[in-house]
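As written, the chains take the letters A, B, C and D, and residue 1 is the first residue of each chain.
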């Protein structure tokens, strides 16, 4: 058992920099096994590229401690404790699932360790459960879907049927969309929540949605479920009567190649697609493709921007938990996603949302951006943000 | 029938010593691993009790542990009950649930029994996963450990909590041996060997099975309460059938129906998992191959193999000796 | 003590037991004879409740027990041994007897007492071991003792519950003549108030121990009476020996 | 909600489609069990393997070649497994067999991850099956109809083989009483081998036809295992009748449960399983009483 601990220490990789004056210990908390392994790998690839791009000019040595959260909140919490208590990290980056985020929230808040959330979109984390130590550079579940509700209503869509997996994120995504859509005058004709990770056949639900007579179908699915859903939807030939809209994770760059022609014409909204036309994105896509042999997804850009946020904070001279925590809340920069800033009221990112259609391009499926919806801060959602103890 | 041989005593002594040494010397993460092992030990003792001595191969013991954990968390944090009272109620509830499952499944045998227990376990899993009251798939946090500060013990310290778990495991082990040495436990072994004859002798065999399943539920419930207190957070994954499947692997890896073997298996499994996990994310592959190798070797797990190889010789030697066995002697012999 | 009224059982179109009515008095020792397939073991299964009859009733000590499950009948003092050894194979001879002896005492279901070390159970085990000549083998595992010893244990386990009625299904099946003789002595040593119903193929043994004889053929009682009457009966010779020679 | 006749027709077809997919998987598992008393928990992993092989081949060799070759590839894996593991485990207890196949699940799961990565794959369906067919007043995906027809055809073929051919009679004899079958001069070992390989091939076929419908992920084998086990336990082990009955029950309960009682959808099937086992502890149509 002693050897286990030593192996852990040996696994901590060092980004060696010549004549580094200071060191900071950064914990990487991502799923590297289990159903979210591909997301963990994608975020890590983006993070590594971000450090490489922005971390070299810093006069600081960054020591990474990599921990696998698997998919279980309990494991995630145990690994976080290890990072804080044993490895004594100065900040933590990562977290894919909202469950893990919910589990570690009290710990990082109590211990005063800055946490850069690189995926988990749980609304409460930057709402009623917000913490000055938790900064989210990815998205919130409501944030990516609210603008889509208004946009769809503006397109003249009056009635919508919704589908999503039956778990917290699924319900929040639909809530965010449905709230904005009904506010803009639309009507939700029906909502189904499918048993999460147990549903492989969406046929019954698609038939149910078709029978409702709605103008459009709005869904949230991710991972394997996204591929299954889009393929099955296409095979029912419902596109004419019941066009498919969704949260952009549905047709993420990660899955469009597997979905192939089935994804043609699906319109979704997200905070990032690799076809965004700006110089930062062009540089990022080129560098990522060169390093990994594939186009980056929204997960990759979240990792990339997490590294960017970290290096921006380090550049201000922050070196420990207190100073990093304070600095992270104030970062703002223009990246592949456009101009980004952290909302001081919630510590959530403020970013534009892009509506895009998946179309057939010269080399497989690609994304055509239909609209860039302006950035807006999330409602405070009961967040009472205390100031950091050192301030 | 269950009995303690010198080899079993020796292995128990070595395990207890190793756990104590680890508890006093390990760093933070070493202690975490130790606590994980100790709680897994309780779960596999519960499983070995029914599977190894009653032939009831259960795929719902993970779920039973989860019931204990959730009941404790809900009673202590949602209902605001005193933690000790909540723990007592949670263990009682787990035992009751286990008794009912045991009573219903007792008529099924073999793969049908396995599937019936799986069905009940997955029902509990699905229920918790979709229940907003218990936090759904996000789980529940804010669980406190027992407050023993009145007698100068702070369980929020990892080392103290590890020692506390070790003490509880010791008590659980004694409880398990007490069950096996009782009339009930003896009859259970009879039922496993020949249920038809036990019936013909006048025994209500389903009742025996249900009672022991319920008692096993007490142990699973205790493991659940401690698991909830250890992480201070619980999520539905705890109830998933894969937890039960892993516990079964541990029991087999260690040695079914030996009580000591599953403890050895728990140590081997957790250490292997963490060691391999550092090197590769494909550690399941290695575990799978080890499992196949162990079963193909026809030995009854690691401990069963050791017992077959050294047990008789060692028992003879130690029986000859007038002194009581010391751990050094055993290691040198092995 | 044990009585059946018009007990009938069929498997599909085959009638295995046809309207069998028997009546055993307390302490009576009755041997059931009949060729293979005459329905003897099926009758036992009906008596102890391992099978449910299509019609007819079983009475134990004057009470109708037809609806009771196996275990409930056993607890009322009905015990049986099997033609094919039905023992606890991984355990020792002593443990086999103790498991059985514990049942009527109630210790078999108790959590806070060890059935193996209770003095009254140890006493029963010692007595039964004496009765069925198992004393030298007490600490051996079932798998380690000879077939003949296992046959003795088969009866011993049935006896250890201290039954009022004991059904023995071919206790000497598969053992040599020497051991058959031993069984004779063993049966003679059993308490005289124990009601015995024995399926037996060994004619000499059967006539030596029987107070009364019942002959079954094709599931029907074809003879019911004293051994003397049976011995000379042509009927018995015809069906029993006839089929014996056929086989 | 407008639930007219066409809606019910559509959902019935959906239920049938799910049933047939499960039937392809469960028939192999149940006959292997009936004949060899062997619970092959790795059956789901073989299904995943079939899907991966098909998805890989479809890109280069086309859909039909993939559908044909994937079962053969999985059968080949079955041959290796039979020679290396299963044959040696024949005499071991059921517990040991369950665990060896449990170990296989672990190993095969990670092997697919190593070979094909964590990212989900997909397989496109052939043009002829990618449209919809008008049937009984509803427009239904042709590919789903293809699965229903394929499942029904395989059911009919197996029923015919079991009822009419010599090997079918041998299998029935073996399921009934393998010792007796051996006495009758049937080469039981060879029979086991053939049945095991056919069972593996059917699992591979199920994976291959499922690939265009679902996404191909490392976890798909584990995901389908529990439904398959539920099917054969509800139906009763060892019989064709049990496999088809169990599949239909599962398919209809799952499909209509999802539509009519969505809150109960995930608990319903487990409750049904528990209920069946309480009433009939050996399933509805076990091969032996």
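What we mean here is this: a contact is a pair of C-beta atoms (placed from the backbone, for glycine too) under 8 Å apart; a residue touches a chain by one contact, two chains touch by 3 or more.
Because the structure is predicted, anything quoted here is derived from the model rather than measured.
Trainee: Could you run down the chains that neighbour subunit B and subunit C together?
Mentor: none
Trainee: Please identify the chain with the largest separation between its CA centroid and the CA centroid of subunit D.
Mentor: If we average the C-alpha coordinates per chain, C ends up farthest from subunit D.
Trainee: For subunit B versus subunit D, what separation do you get between their C-alpha means, in angstrom?
Mentor: Each chain's C-alpha centroid was found; their separation is 33 Å.
Trainee: Could you state the distance in Å from the CA-based centre of subunit A to that of subunit B?
Mentor: The answer is 38 Å.
Trainee: Averaging over Cα atoms per chain, report the distance between subunit C and subunit D in Å.
Mentor: The separation of the two C-alpha centroids amounts to 48 Å.
Trainee: Cα centroid separation between subunit A and subunit C, in whole Å?
Mentor: 75
Trainee: Specify, in ascending order, the residues of subunit A that touch 2 or more different other chains.
Mentor: Correct list: 37, 166, 195, 198.
Trainee: Could you list which residues of subunit D touch at least two other chains?
Mentor: Counting only residues that touch two or more other chains, subunit D contributes 113, 266.
Trainee: Considering subunit B alone, which of its residues make contact with at least two other chains?
Mentor: Subunit B, residues with two or more chain partners: 126, 129-130, 284.
Trainee: Go ahead and list every pair of chains that touch.
Mentor: Result for touching pairs of chains: A-B, A-D, B-C, B-D.
Trainee: Residues of subunit C touching subunit B in their complex?
Mentor: Residue list for subunit C touching subunit B: 48, 50, 69-75, 79-80, 82, 86-91, 95, 98-100, 102-104, 107-116, 118, 157-158, 161.
Trainee: For the complex, which residues does subunit D have touching subunit A?
Mentor: By the definition above, subunit D touches subunit A via 1-4, 7, 10-11, 14-15, 17-18, 113, 117-122, 124-125, 130-132, 139, 141-144, 212-215, 217, 219-220, 223-224, 254-256, 258-259, 262, 265-266.
Trainee: Would you tell me which residues of subunit B are touching subunit D in their complex?
Mentor: Touching subunit D from subunit B are residues 57, 104-105, 107-112, 114-116, 118-120, 122-123, 126-127, 129-130, 241-242, 245, 248-249, 252, 256, 282-285, 287-292, 295-296, 298.
Trainee: Would you pull the subunit B residues touching subunit C in the complex into a rising list?
Mentor: Interface residues on subunit B, with respect to subunit C: 1, 178-179, 181-184, 186-187, 189-190, 193-194, 196-205, 207-208, 211, 215.
Trainee: For a test of understanding, state which residues of subunit D touch subunit B in their complex under the given definition.
Mentor: Interface residues on the subunit D side: 33, 39, 85, 88-89, 92, 94-96, 98-100, 102-111, 113-114, 222, 226, 229-230, 233, 237, 263, 266-267, 270-271, 273-274, 277-278, 281-283.
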